[in-house]
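Order as written gives the chain letters A, B, C, D, E and F; numbering starts at 1 within each chain.
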Amino acid sequence: MYAISLGEDGAELRPLEPWHAEEFLAHLNRGREFIGQHIPFGANATDADSARELLQSYADKRAADAGGLHGLWLDGKLVGGVLFLHFDAERGTCEVGCWLEPAAAGRGLVTRAMRILIDWAVDERGIHRVEWQASTANEPSINVARRLGMSRDGVLRESYPHRGVRQDLAVWSVLAPEWRDARARAARDDH
Amino acid sequence: MYAISLGEDGAELRPLEPWHAEEFLAHLNRGREFIGQHIPFGANATDADSARELLQSYADKRAADAGGLHGLWLDGKLVGGVLFLHFDAERGTCEVGCWLEPAAAGRGLVTRAMRILIDWAVDERGIHRVEWQASTANEPSINVARRLGMSRDGVLRESYPHRGVRQDLAVWSVLAPEWRDARARAARDDH
Amino acid sequence: MYAISLGEDGAELRPLEPWHAEEFLAHLNRGREFIGQHIPFGANATDADSARELLQSYADKRAADAGGLHGLWLDGKLVGGVLFLHFDAERGTCEVGCWLEPAAAGRGLVTRAMRILIDWAVDERGIHRVEWQASTANEPSINVARRLGMSRDGVLRESYPHRGVRQDLAVWSVLAPEWRDARARAARDDH
Amino acid sequence: MYAISLGEDGAELRPLEPWHAEEFLAHLNRGREFIGQHIPFGANATDADSARELLQSYADKRAADAGGLHGLWLDGKLVGGVLFLHFDAERGTCEVGCWLEPAAAGRGLVTRAMRILIDWAVDERGIHRVEWQASTANEPSINVARRLGMSRDGVLRESYPHRGVRQDLAVWSVLAPEWRDARARAARDDH
Amino acid sequence: MYAISLGEDGAELRPLEPWHAEEFLAHLNRGREFIGQHIPFGANATDADSARELLQSYADKRAADAGGLHGLWLDGKLVGGVLFLHFDAERGTCEVGCWLEPAAAGRGLVTRAMRILIDWAVDERGIHRVEWQASTANEPSINVARRLGMSRDGVLRESYPHRGVRQDLAVWSVLAPEWRDARARAARDDH
Amino acid sequence: MYAISLGEDGAELRPLEPWHAEEFLAHLNRGREFIGQHIPFGANATDADSARELLQSYADKRAADAGGLHGLWLDGKLVGGVLFLHFDAERGTCEVGCWLEPAAAGRGLVTRAMRILIDWAVDERGIHRVEWQASTANEPSINVARRLGMSRDGVLRESYPHRGVRQDLAVWSVLAPEWRDARARAARDDH
């Protein structure tokens, strides 16, 4: 029902919900190898039931105001998504992330969608610290963090195993005042 | 984050969620007497906690794909809402409803919002039968059903007590083919 | 332990509980085709586990005072049952229903049992409105509603799919004062 | 709905359920001092809510086939009850018990009701061992065990505190073959 | 992390937890025939998952302060255990038990471990009555009860089926004052 | 029951469990101001019930193998503790922490206890990365991390509010090979 246009190329951001299970699975199957290079997202969603389970876990998080999943549609086709992995309004923190199938990469979709998520978190929900975590080997992800004006807080060494190798996990963040300042600057520069 | 414009008067439809509890309570307090004439909606939501509880019950329904709550905002102020009281994709049925504070009445807000809900239910989710229930004494509500092109299926006699009197409950419905036909006709008439 | 005699033909009404699973399954297997003509009752109970699951769902409803299942035994053989599909003492409403295997049809068993259920609902539990729903194609069921002195409240068009066809669902009801009046009249006529 | 006559004095055995909460509370209040001499039954049920809670705990046990509560009514007044404290069909064991308000004592009500419970447990549910536990100080209770033909298995010393004193708990039991033999003998003696 | 030495032969008592599942299963497999002579302990734990399930059930009991499992390690090898089958601090009672693989039998391991459990229950947790239950046919188990200074409270006749035969269940117990006296006497005798 | 001596000054490490609620509350009350300087630990545990709730939350974590609480006793008096805030055996990570009342500070208790926890995590449970988080303002805590041979991974800026000020959160860690190397070096140096 709800959709937010991300620009003139027909890209849209929409809630991604359990009833999308089959569409989500088809998308994962197109992107499985590409997505799985650096992150485990969707690795366990290999049929309609397990895909629905993954979507349901985020529907439950959303109901508990503890996270949420948003899909990216390009010309009516689900091609990736952005998400709140964690959301803690009381503490004023959240962690955001993303995934894409190859056909959707390189168009700035994630950055555009992420601005909408962070605007909402900061302006509507009073989030003070927005965090981004990525394997140090995951350059595209780290580039998103940079483009969003985030700072690198540090590297959590050998944090989790992915495809047999423990990954160094870079933590980036942007604080609410930084976000608002950067937004104001960008608005001025546009004029 | 998400919002659907309902027209040029600044009215918007948005998900209504537990974190809106205080805004929702203020709205209920403005409309309590008016809303309570015919329906019990919100009667138990008398402070921030009970307001949040009501919103949470719908957040849980939404996570279970069994219902959902959507607020109506007019110039940034929550003035009412439309909802799926029940939603059963497997059976192909849903029940919709609404409530308004007095300041928002008489502008067609509910009808406009309801078209969006029913379009989504019918087109995206495969719902075959959309139901509307209202006390036979609730003329404004029954007028909405009429404007939406619904038919009266019958009257469930003395179905529930409201303010000490058992209400006759009219059941109205529109079926998916009827909805699509009426929409097509309306589109032709617009030209 | 408990049993209510339904007359001189040896028919009895008893609670139907999870431990009856095998007896219930055998009965369903004898009546499956006949029962399934108009209603989905028991369609998913195809082995001991799924039969127990169905019985358990009603045991749980009964514990929550939200429904209940009662079997009809003829000469010690389970041949059908009557049930509260919903029971809402606070609202003062309930929905009743029935099913039979062919060997038990045509003897008035359901009508006799239903009088006991409705007497209890009205006299002991303060139920005001007793509802009966049946596909308009299900004449035997609608005849029961008539024999119980119910009125037709309306027809919920194309309410649910059964064997590939959406069924029109007739809603019948009897209100507590109507029930008591009819009973008093019948008692007078007996003298 | 269901009731089993216990004889010509108008005594009846019926399921005792959460909706009886107020009637149950009134009965407890009449018998509180008497009942509480030896057992803690009902001690925490001091208002309608806590009375309903106790009844609900047995409704849940019954739904799980793990116990059950049955009231004794004398001339339409609840005066006591018999119960399955535990019921384990798989293991073939159950524990039975009772309570009475003073006005109902000395009439053999419990013994009559207990025969019905044990008959059902042994004949219908395949229970092999029926257990009865009573404080050694509770002579009326132990007399019931004797009248039911039970044997004393032993005394669990200082098993639980009641009114500040740890009670020795006598365990009595009757096994299915013993029960059937005694019943057959009694039937012969009646002739 | 935690371990209590049981003497100079390298025997140790440690919490036995879900992460020990594989070690526990290997131990059960070595002792299955021997352990199963008299008790059903571990009979359902036949692979890593079911072994973990058994351990988890006791981890949950421990979290609820309602029981607990402790392993016996001999030279670093799990060879048996002692347990609180029930633990009820409010009522002041607990039930203890044990199991061993054959290689660990005949060394007094259980008696040594049990003294530690009972000391803790009586001294730290205020338990008044410690119970031991064993099939009357299980002489080694009954000898442990004797060595712990317990008294026989009685025999629960034909209490549960084991390998097709209903077992008479002896109940033994020691009360806190008895335990403390015996301990004091033993301490004096040591000097 | 279980206790690990931390040296010749009578300090001991023991599981800290819900039944310690009153002892735990008394300890918190002695240390509340001191503990609360930098961390929120125990801030909500202000009476026996809330103290038990905190302990129960860790008992539940332990049952789920997701954390655990261990108390430090000095001459039989609870004076602080060490804990696994998170424990994830599958991912190979855990987060450890500590708290002390003033009387127990400056004796190296936490460092001694922490070595035991980390040894167990690394040697017994296969944890690869042990994490320590502390406000950058919390020098005593950061000194513990240093003494344990940890490295600073970074600073999560303005991570959480404490007493009205958002704290920069330093993340320190030690990896399993580092831990083993340092231990081996220390062992050699001792000779």
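We adopt the following convention: contacts are C-beta pairs under 8 Å (C-beta built on N, C-alpha and C of every residue); 3 or more make two chains touch, one makes a residue touch a chain.
In UniProt terms the chains read A, B, C, D, E, F = GNAT family N-acetyltransferase.
Fair warning: this is a prediction, and the values are worked out from it, not measured in the lab.
Visitor: What chains do chain A and chain F have as common neighbours?
Guide: none
Visitor: Given the pairs C-D, A-B or B-C, which one repeats the contacts seen at A-F for over half of the pairs?
Guide: Interface equivalent to A-F, from the options C-D, A-B or B-C: B-C.
Visitor: State, to the nearest whole Å, the distance from the C-alpha centre of chain E to the C-alpha centre of chain F.
Guide: 32
Visitor: What is the distance in Å between the mean C-alpha positions of chain B and chain E?
Guide: That gives a centre separation of 61 Å.
Visitor: Round to the nearest whole Å and give the separation of the Cα centres of chain A and chain E.
Guide: 52
Visitor: Residues touching two or more other chains, restricted to chain D: which are they?
Guide: Nothing qualifies.
Visitor: Have a look at which chains touch which and call the overall pattern line, ring, star, complete or other.
Guide: Graph shape, chains as nodes and touching pairs as edges: a ring.
Visitor: Can you give me the ring order of the chains, beginning with chain C and going next to chain D?
Guide: Start: chain C; next: chain D; complete ring order: C, D, E, F, A, B.
Visitor: Touching residues of chain D toward chain C in the complex: what are they?
Guide: Result: residues 1-4, 15, 17-19, 56, 59-60, 62-63, 65, 89, 116-117, 120, 124-125 of chain D touch chain C.
Visitor: Along chain D, where are the residues that touch chain E in the complex?
Guide: 91-93, 128-129, 131, 151-161, 166, 171, 173, 175
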